[in-house]
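We call the chains A, B, C and D, going by the order they appear; numbering starts again at 1 in every chain.
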Amino acid sequence: MLRHKLLIVVGMVIGSVMTAAWLAQPQAVAGEPPKNPQPQATKDITLDQAYAVSKAAFDKAHEIDTKMDIAIVDAGGNLKSFARMDGAWIGSIDIAIKKAKTARFFDMPTGEIGKLSQPGGPLYNIEHSNNGLITFPGGIPLKSSDGTVIGAIGVSGSTVENDHTVAQAGADAIGSK
Amino acid sequence: MLRHKLLIVVGMVIGSVMTAAWLAQPQAVAGEPPKNPQPQATKDITLDQAYAVSKAAFDKAHEIDTKMDIAIVDAGGNLKSFARMDGAWIGSIDIAIKKAKTARFFDMPTGEIGKLSQPGGPLYNIEHSNNGLITFPGGIPLKSSDGTVIGAIGVSGSTVENDHTVAQAGADAIGSK
Amino acid sequence: MLRHKLLIVVGMVIGSVMTAAWLAQPQAVAGEPPKNPQPQATKDITLDQAYAVSKAAFDKAHEIDTKMDIAIVDAGGNLKSFARMDGAWIGSIDIAIKKAKTARFFDMPTGEIGKLSQPGGPLYNIEHSNNGLITFPGGIPLKSSDGTVIGAIGVSGSTVENDHTVAQAGADAIGSK
Amino acid sequence: MLRHKLLIVVGMVIGSVMTAAWLAQPQAVAGEPPKNPQPQATKDITLDQAYAVSKAAFDKAHEIDTKMDIAIVDAGGNLKSFARMDGAWIGSIDIAIKKAKTARFFDMPTGEIGKLSQPGGPLYNIEHSNNGLITFPGGIPLKSSDGTVIGAIGVSGSTVENDHTVAQAGADAIGSK
């Protein structure tokens, strides 16, 4: 009987600690929580912008005589638009999309990640995350004029230098630098 | 009754053609092969066509006041183009693409497959194949003027009736009937 | 030689048609494109809001004596926060996350989708899309005071009625109706 | 003081049961099995502990001015809690979770595994297992005061040095060394 009572006491202690922890928890992370927390204002790419980016990228692809797959994702990393030129590689569909996602996932050009993911580098084999990343050049974040990342472009179909050149032409179309 | 008889006749024709094809095939494998086998001539959608289909579909989407995700695949079932209207469902990205693939995988409107994949139906749970099919309306094969299937369109973002209406408007743009 | 010239002419015609199509393309979708397309202003959930939602949900879970897994996703459908109560089902980790994603993917409570995805229903087997949806109750979109969807909550661990009740308590905490 | 003594007694009982279980286990495989085999006593992280770990990690993240994704898994390697700071990388959701799982899967800091998985190393490409491991720093096992691994923390969102520092601050909060 004593043991049963002890268990009940232990349970009461756990219960009160949990209650205290729950009550304390929002404060624990961010200080005294606001009474009525508000969403953060942000920005997202429009389809008009996606087409402006794509058009600039395709113009560059034509100019340097390449056949490209071009993908645009939004601020949430979700596909916004895609187009594959006639004769461009089928295998580049997934790579273009993954490059765009990778660039948005980490808000940097894919090639920058690739420099860090080499053997011996600090992010070796990061490509195994997120259902597969592509970390060679061709993906670039898209930014609004105030610097907010509103999406990303991913280009695949030629050398990584050409892929990057075409992606940069697209990104420049909406003022991303 | 006449229609039933016609269906039976169609079935008989299909059956005899298939039988002939099967009988002819072993020679190719085990008999004397032709001296200089030639590839089959075929047709595939161009990016220009994909945009023509997309434009007609988007025009219809605007006309009936819906927000759609629209995907086009080529004759190989591989993504050719995609666009998501501002405010259209994120979850429809994958569904639009899967509808287009499903329509090309079996060369019929997705809704026709859905009739056959119900519990007790002959294709029950076919959706488990091919990394996931979508078998409700909104996917339609795209055909050249001679009837060759050159790709498919998949539309998602509203009711299945609206999705199908928009997909049909797209398919009609290049003469598919 | 004549044939070569003809091919060149054909190439010129194709080239000019493609150029015209590219130039026309942005207009084709959305009318005359703005010179300098701007991103859309939008809103996203904050971690403070996610905790406010979670706390209200956990309070309800305690009140009705259930053990729950509770997931919150942001406006892009990406995981914002998650917590699993001691003794809650391990199998509900994935279900809670998928419910939250499903609710944001289609901006409606998961149970509403489930009504449409039954055998014979218009969205039969939609669950095969998006790497797996969960379409029974327990997922609810989270909205800002102006109705913008800023994320979603997914709850799993008890009956679907209890899951929904707990999710609703969470959603109510930031004024979603 | 009485409570401390009680806890010590409880610990002694658990310790002797565990010892007996270990001694009894080999017979089960190769000799006469015990009449009434008993489960092994073990320990698992609580949600209260997960929050204590998270709070310490978030405090450190704020202190060094970083934006982090922080995941905690339990003794079974299953997600216990997760939170992503406003503005932290979307791509770090999966990496934080995978770091926590990897640390628990092998009961060592992720960076230690990474040293062994380089080209030419004994665990080359171990990242392909378990649906994707992350083997650079930022994942650390969580231990109870007696050394039992009760879970793990995974942190992602900055340099691997910062990720590790924040993870260590979290692990230290419950006495793991």
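By definition in this document, contacts are C-beta pairs under 8 Å (C-beta built on N, C-alpha and C of every residue); 3 or more make two chains touch, one makes a residue touch a chain.
Keep in mind the model is a prediction, meaning the values are calculated, not measured.
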Geometric centre distance via CA averages, chain B-chain A, whole Å: 32
Whole-Å gap separating chain B and chain C, where each centre is the average of the chain's CA atoms: 26
Inter-chain centre distance, chain B versus chain D - centres from mean C-alpha coordinates, in Å: 49
Numbers and ranges of chain D residues touching at least 2 other chains: 47, 83, 86, 90
Chain-level touch network, classified as line, ring, star, complete or other: other
All chain pairs that touch each other: A-B, A-C, A-D, B-C, C-D
Residue numbers on chain D that touch chain A, as the complex places them: 3, 6, 47-48, 51-52, 54-55, 58, 83, 86, 89-92, 94-95, 98, 114, 117-119, 125, 127-128, 132-137, 159-160
Chain D residues touching chain C - in the complex, by the definition given at the top: 46-47, 50, 74, 76, 78-86, 90, 93
Chain C contact footprint on chain A (complex, rising order): 22, 25-26, 29-30, 33-34, 36-49, 51-52, 55, 58-59, 74-78, 144, 148, 150, 174-175
Chain B contact footprint on chain C (complex, rising order): 17-18, 21, 25, 28-29, 40, 76-77, 102, 104-107, 119-120, 122-126, 128-131, 133
